[in-house]
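The chains carry the letters A, B, C and D, assigned in the order they are written, with residues numbered from 1 in each.
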């Protein structure tokens, strides 16, 4: 229902049925190859199976429609693969999928799919991170108001803000890079009985062929690997949602510090021709309201009964592709935001001025603390702030006028220094540069 | 990713892009017709717009690909509709979508889509309810063990169990029947300014043409209607999941009371040729682990800012079709379970016998309470039960043997009566028939 | 962990252990009374049990600590109640909890608890609705910018905005009013076997005594009633979160249209003495990010096995009190916002001015549509808008200057009329009053 | 509401208000100490603050009730600490909480709390893992049916099943061990402006004093650390829920392979004195239906605005303690299951016999594949299986009788070998031992 904004063509291709079947074939091929090498099946049969699986026409011609009645997609897949082989190499057909179970083929195929999905996401994430790193450096001293609880709080720089965004994404990139994709191979009940004392060797060899990690025991109903991948995707989307929300807030008419890139027809309104809507940001914001639920679905589905679950396993089939699509779209949408972002440094500076010195109130309070004590200094500055607000005057002027009345003696330089925002800018710049200089900028 | 089991062809058709566009056209047509009738736009323009929207080729030929860049699907839709009209009836084109906003068209189209989805679901739900009602009557006295915390507890009948399932589904059918689908019409900011003092009349007329309910104020960012529909779907799926889990538990090898219908290739295993897997039940079980999260997504998305949300609204586009698909598949899967269900009444009766009288322990305790008091009777029966278990004997025999030793005098008939399960069957039958005779069996 | 902001003293009292025990006693008392009346237990025993349950010292003196080992709280409760009675009225003690099961007592007690929780919530909700109704009328013509996707869109009034908030809350109030709280009474396996042919009469009598609804079949594992109550609470909290977010957005330094009530120490900052943080709003915003998940938990827990679930039922014990607390706190927090709200009408009007006529762009486009056609008018106005933005001039002035250049002939009055925002105000006022005059303002 | 089963006394103590205040004091003390060492505040003031924070009476005497009106708990905490110091060491009081913000104190305190919670959980988890390791070895050759989709599938051993459970928990233990708890220190807007060029040194020194990790940039609104901790807890609870569900399924009356430990009053029923309910298992099952939602709440709350969020941050206060409590209770409940578990090896073996050879069907099919080809062998064995089921005879006998009729020639030894389950037991034993011998059994 109007959800095309939330799928990317690339991810759709990566998770298409032919690609899934190609990955099932890769599993069966690796299994046969390894079993042939280990003498578990005849070398000739192994060779025939590997050759059959390499047929480029197979992914398009195998039909998984029987999945619903059979219970899962591996059943019609294996039957059709076997039938084809049976026509060509009757002897070999007995050894297709030998000793394995449907879940071995599907879980392994899912892992290969997720790895491919990660590649797509990581590619855009890396470009986004590189873009943000440039943006952070460019604006390392671009002054703007920091905001807490949506109230202006104190001066910061846009570069510091972007560096903070980047730090979160760097964390996700590291988490993605550290993600292990693991082969599944346990046979009908996890014990890989038909491999006898070559079970461990077989698992490791299949894993090596597919360039996957090798598990130390079958994980048919131990789903922490799936859950961890889901959490990684949902966490990244959450970080992107936070960035996108910040952008949308700064794009508000009354704030006007940022604008998404402009393009003909972009972000317009059917009724309001002047608007510049945050149409890229909204994709990430929307995605980040859905992916937490999908991650919860994976956690809920962990309670898989005995050696293969009823329903819990199958729920993953619905949840995982949604997570991949939404995370990819959130990433590419924020990448689009970042690459086309118009930063209005004048407006940022002007917004600081809106509060007529109030953003330096914390500094003033700190400066007065030495003589007044912390609590009294805080109270005095609160009084001054209210007066400034009420009289629409600058806090510095009110301080200079009213402090004597309040019985507070002070050096004039104290006040002047408190309203010098250079210290804040220096600090924001230093913290941003500290991060940028020490970050692990390895690509994902 | 192998999730084709979780979509139905009918729902896919009902939510297809051409059908969505047809519903957008229905909105624009109704809007123009009502505005023409009320004199808000020229009658000729209204007529032309209505005629244009009726063109059966339009739903296939309009292209929504611009949604992503524009921010929503209504923008490219309205542009293309206007362009077409512009070529044919230049004057009329000025009045397309007059006074309305994108969200008016989309929300109304979503409501029409949900209504159509409800029709599909309700149709299968009604057949399912009728099937269960027959099944409940057929087995109104088929004895079986009731189970609490997965332990056999006391005798019941399969008819009572089915009547309980049915009661839940009847509740959902009523909830679906009572669901209101409401037109959205508020213009750019909800005030429908271009309609002047005819706003309310216009809303009501458009609602009447589309056979939708009329809201008393625009609900662009008041999403309780959407949330309620989501909760209704998720609740139904939860009920279906509960039924499916009961069936899967009764299909366990060790229980064997129920079997899903058999068909060539159905519920087999790639490795274990003898299995009869609960392949229909698993669809509902899987669905019921996902729909709660989708309902939570709709609730999370309620915080839509001001007069149109950034992201919250758009999240619904992803969540709603998933809810429709999963609920429909859960319904049709449980319908398939119910229509083909093999009930093994002999096994049910045999399972009662497994506990050698223990299921009548509560009766015995109740019978002894009158003389021993509640707590002592409970303790005595617990002692007898443990002895029976330890000696692998029937509780009745142990009671007759050991009660005198425990200093409990009793009439022999008391014991005999306590082990007569007719009272339980009478009660189960009576409660089932009470429900079946008084239920509101109106179709959804 | 610092979560005291999310519990109210009243709700804590309403859900305290003594109050829960009092409700368990109310159940046992009603059960005995009804059984006595129907001749199911001796009249004298019934009388004694009713008298014992009325002992005001019991709720404080019964100890539920055995719940964990027994599996639920009703087991130690019934044991202690029976022991007390046994000491006083030995004969009567045999008839305590007669024919009932733990879940009957607990579910009924939970329903009574939820009804009490609804009373607390509805009381604050009613006051809030009354407050908003007054506020809406007071500001029915207070002009302010409506905002879509966080961009100023067109003029509206604050009264219309408040009426929209109110409409959502009225819907929840109606939903709460229509909520049915239902007795649970089915005995060990739902068939109420010990009541024989008086089962239905017994259920109805117990329900009548407790002023609860009577179910037509036991609902031990049919949890739609619980789920519906959870959804009602989560929906209300979602609505409150939306209002609170709108307020927090309008309290932004750069927007400044609203301020929460002021009090000594309220909404301050440990570091920034001038801030006025939205500390009431944040409670509702936080709550509305949690309650969707709790509602999802209830939906997830629906899959309760057979005649009593393992874990699903028990999960409700954790989820329901959180939902009650969070919904109550969200309600009282928004009530606090509403009653103390400072509305800065001057700032609202000034904010409209920020966009120098752009908010009337849609009007101008509509006015030009008649001669230019919809799409060309839209394009022309977009061009004018960009010029106005670039030159920092009022759109009206740019239109008057540039329309001739663009070859658009027009009556000067057309332009003037397009920038007259009275039509918008009239419309906003009319829609607000329509709602306020026709709403169902019955208290919850 | 009857949720006392879901809190542990130890966790309640660890998260009590005095303990939270003690952790806030630890933060302020570390801050002052580090600032004194770095010359950011006077050494004397630092000394006084450290001394004041060490007062053992403070945690009990500070009152956080003002949190609700102030917006967070750090505000009344800092005020009271300052007041106390002011009375004793007026000069020092100006330097309390110097340069820090409320969120610095609270986030750091939350991190210290979570670390303490992890200690409690890890302690029980380690004992559980050690217990399961012993159990797995003890039953490494205890034969039982493996079950897929709740159907008996093939023989396995209980030791292999336990090793699989253990592998999941070992993964969580590793994840917990690898969890980093990070100090928060950024001052009002994250830039730690008052520390000037000593910011990084200050952060690292405070982290060192508290034995926490040091962040490279403030993480006030980058919540991936919190989310990761939540996901770790929810994943563990999901694993425990899976184990508990397996146990509850094996405790079914009809399965009878496992029983939870017995104790007076444990797992009884108020109505059915013979029952042995899975009362420990149900705690973990219930918990695992709630924790996914709490983890989703943390993910949802990630969208924290600008430099401090409105509501998102505060939602964590409600979610985190629930996660700690539920995970701890799930862990201790499954520990109680494991330590007291009665394993009925005879019943396990008897359950294998229920299917009269069908569990060896896969073996038979594999044996026949060599001559018949995979698909035909599968079909033949399916036919034989159905005959065996229909005639209530052993599959081996049917195979010997019917294979010749089906035109299948075979060596008699092939059939005999197929029904020898030693190969399965060898495989299960080998896989279990492989895991047990190679696992990382480091304690958490």
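In this section, a contact is a pair of C-beta atoms (placed from the backbone, for glycine too) under 8 Å apart; a residue touches a chain by one contact, two chains touch by 3 or more.
As the structure is a computational prediction, the values presented were derived from the model and not from experiment.
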{"item": "Required minimum of steps from chain A to chain C, each step between chains that touch", "value": "1"}
{"item": "Rotation angle superposing chain B onto its copy chain C by C-alpha atoms, nearest 5 degrees", "value": "180"}
{"item": "Chain pair, C-D or B-D, that carries the greater number of C-beta contacts", "value": "C-D"}
{"item": "For chain A paired with chain D, centre-to-centre distance based on mean C-alpha positions, whole Å", "value": "23"}
{"item": "Gap in Å, rounded to a whole number, between the CA centres of chain D and chain B", "value": "32"}
{"item": "Junction residues of chain B - those touching two or more other chains", "value": "71, 97, 101, 147-150, 153-154, 188, 241, 245, 248-249, 268-269, 271-272, 277-279, 282, 285, 288-289, 292-293, 296-297, 300, 310, 362"}
{"item": "For the chain C and chain D complex, residues of the former touching the latter", "value": "1-6, 15, 20, 64-75, 78, 97, 100-102, 106, 110, 113, 187-188, 241, 244-245, 248, 263, 265-272, 277-279, 281-290, 292-294, 296-297, 300-301, 310-312, 314-315, 317-322, 326"}
{"item": "Touch list for chain B against partner chain C, complex", "value": "71, 79, 82-83, 86, 90, 93-99, 101, 146-150, 153-154, 156, 160-161, 163-165, 167-168, 171-172, 188-197, 199-200, 216-219, 221-224, 227-228, 231, 234-235, 238-239, 241-242, 245-246, 249, 285, 288-289, 291-293, 295-300, 302-310, 362, 366, 369-370, 372-375, 377, 423-424, 426-428, 430-432, 434-435, 438-439"}
{"item": "Chain A - residues contacting chain C, complex", "value": "145, 147-154, 248-249, 251-255, 268-269, 271-279, 282, 293, 296, 300, 351, 354-355, 358, 361-362, 365, 378-379, 381-382, 385-386, 389, 395"}
